[in-house]
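Chain nomenclature is as follows: A, B, C and D, assigned in order of appearance, with residue numbering initiated at 1 for each chain independently.
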Amino acid sequence: MDFTELQSRLRAFADERDWHAFHSPKNLAMALSVEAAELLEHFQWLSQPESANVSEQTRAEVAAEVADIQIYLAILADKLGIDIDRAVDDKIAKNAMKYPPGATGLR
Amino acid sequence: MDFTELQSRLRAFADERDWHAFHSPKNLAMALSVEAAELLEHFQWLSQPESANVSEQTRAEVAAEVADIQIYLAILADKLGIDIDRAVDDKIAKNAMKYPPGATGLR
Amino acid sequence: MDFTELQSRLRAFADERDWHAFHSPKNLAMALSVEAAELLEHFQWLSQPESANVSEQTRAEVAAEVADIQIYLAILADKLGIDIDRAVDDKIAKNAMKYPPGATGLR
Amino acid sequence: MDFTELQSRLRAFADERDWHAFHSPKNLAMALSVEAAELLEHFQWLSQPESANVSEQTRAEVAAEVADIQIYLAILADKLGIDIDRAVDDKIAKNAMKYPPGATGLR
């Protein structure tokens, strides 16, 4: 995934539909949260083992929610000038310090 | 972002910390939802224009939440065998049909 | 609202449908979060003034989400032996200390 | 819990702190969603049985989140003129129709 290329595709998509007025970071964060909950909904009554063994139908629906989350994340990062690749690298480096290998803390 | 490469880095990270037992899709969807809300929290009392003009400090904190969401999204997709690049392409194609350019519907 | 009475009604409701196995606090917290996002969805593309002036139709839909949240909150509190009335009184007292009248902090 | 009385207490609380400008239904729905996620966070890495057997410390923290959710729910309902008692009664009646006793559907 080339985020720069994705973001420019999504920017053109929003341009053609006059959506920019709706795409404040506040609204995008809300939309992302709503999509995250739609993902969650698929798993809410499942046991943990069941959640790892979903039907093809559920997997396809979950993939569509994953896409929605990825799309809003890319638009939000674009609006705020956040470099996702770099933010992820920074976070992994930080987590490696915070949770040394072999540590038994959760996450 | 090469998701295959990221997912293999995150898999190694979880291996070294014995986290796989915690990483059921159910739990990962919860964690993703929690991170989405931490992102939301930054914007909850801001007006829409204010949300587009945050301080450098807030922007850095938001970037860290964006990274957490991206990381959980990649791990979840990995666990369920979901190809994020393809899911995003499929969703954009579907949205292009659902919301023709010039349509005035929201989103 | 008499929470004790509501909780006993909801307990009977779950009994009759064999839902208790699904009603772990973990699952109930997920369900509550999903309902909170369904509430959020009604407001995601609205401006703040618009959100205070919704149609009767939207108001009725929002009322149904408010009810879902209230119901899951009561069931969860019941499962964990939490007294909602007392928790609310404690929290208001705590907030009164944390945010003295006239303070300009947000919330 | 007398919601009318609670709502008038919360209205006075917001008056004294000049919070009404922040309390649009949009913002309140965001705040409620954030609190629901803080509740969720307590359970995200727990198994379902563990979530029913939390420590006294966790139970007290969960009670504080339950209170936050109840408080925002009451303020939001107040702002929109929603009668929570009635909305809950309506929803239980509707659920009784939708899920007849003995039905095996989830929830």
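Just so it is clear, a contact is a pair of C-beta atoms (placed from the backbone, for glycine too) under 8 Å apart; a residue touches a chain by one contact, two chains touch by 3 or more.
Everything quoted here is computed from the prediction, not taken from an experiment.
Chemist: Looking only at C-beta pairs in contact, point me to the busier pair out of B-C and C-D.
Modeler: Between the two chain pairs, C-D has more contacting C-beta pairs.
Chemist: Quick one: which of A-B, A-D or B-D reuses the A-C interface, over half of the residue-numbered contact pairs in common?
Modeler: Going through A-B, A-D or B-D one by one, only B-D repeats the A-C interface.
Chemist: Taking each chain's centre as the mean position of its Cα atoms, how many Å separate subunit B from subunit C?
Modeler: 26
Chemist: Once you find the CA centre of subunit C and the CA centre of subunit D, what distance in Å lies between them?
Modeler: Comparing mean C-alpha positions, subunit D is 2 Å from subunit C.
Chemist: Where in subunit D do residues touch two or more of the other chains?
Modeler: 22, 27, 30, 33, 36-37, 40, 43, 45, 47-48, 106-107
Chemist: Considering only the defined contacts, which subunit D positions touch subunit B in the complex?
Modeler: Subunit D reaches subunit B through residues 22, 27, 30-31, 33-34, 36-38, 40-41, 43-45.
Chemist: So in the complex, the part of subunit C that touches subunit B is made up of which residues?
Modeler: 30, 33, 45, 47-48, 106-107
Chemist: Looking at the complex, which residues from subunit D come into contact with subunit C?
Modeler: For this pair, the touching residues of subunit D are 1-3, 6, 9-10, 13, 16-19, 22, 24-27, 29-30, 32-33, 36-37, 39-40, 42-43, 46-52, 54, 59, 62-64, 66-71, 73, 76-77, 79-85, 87-88, 90-92, 94-96, 99, 101-104, 106-107.
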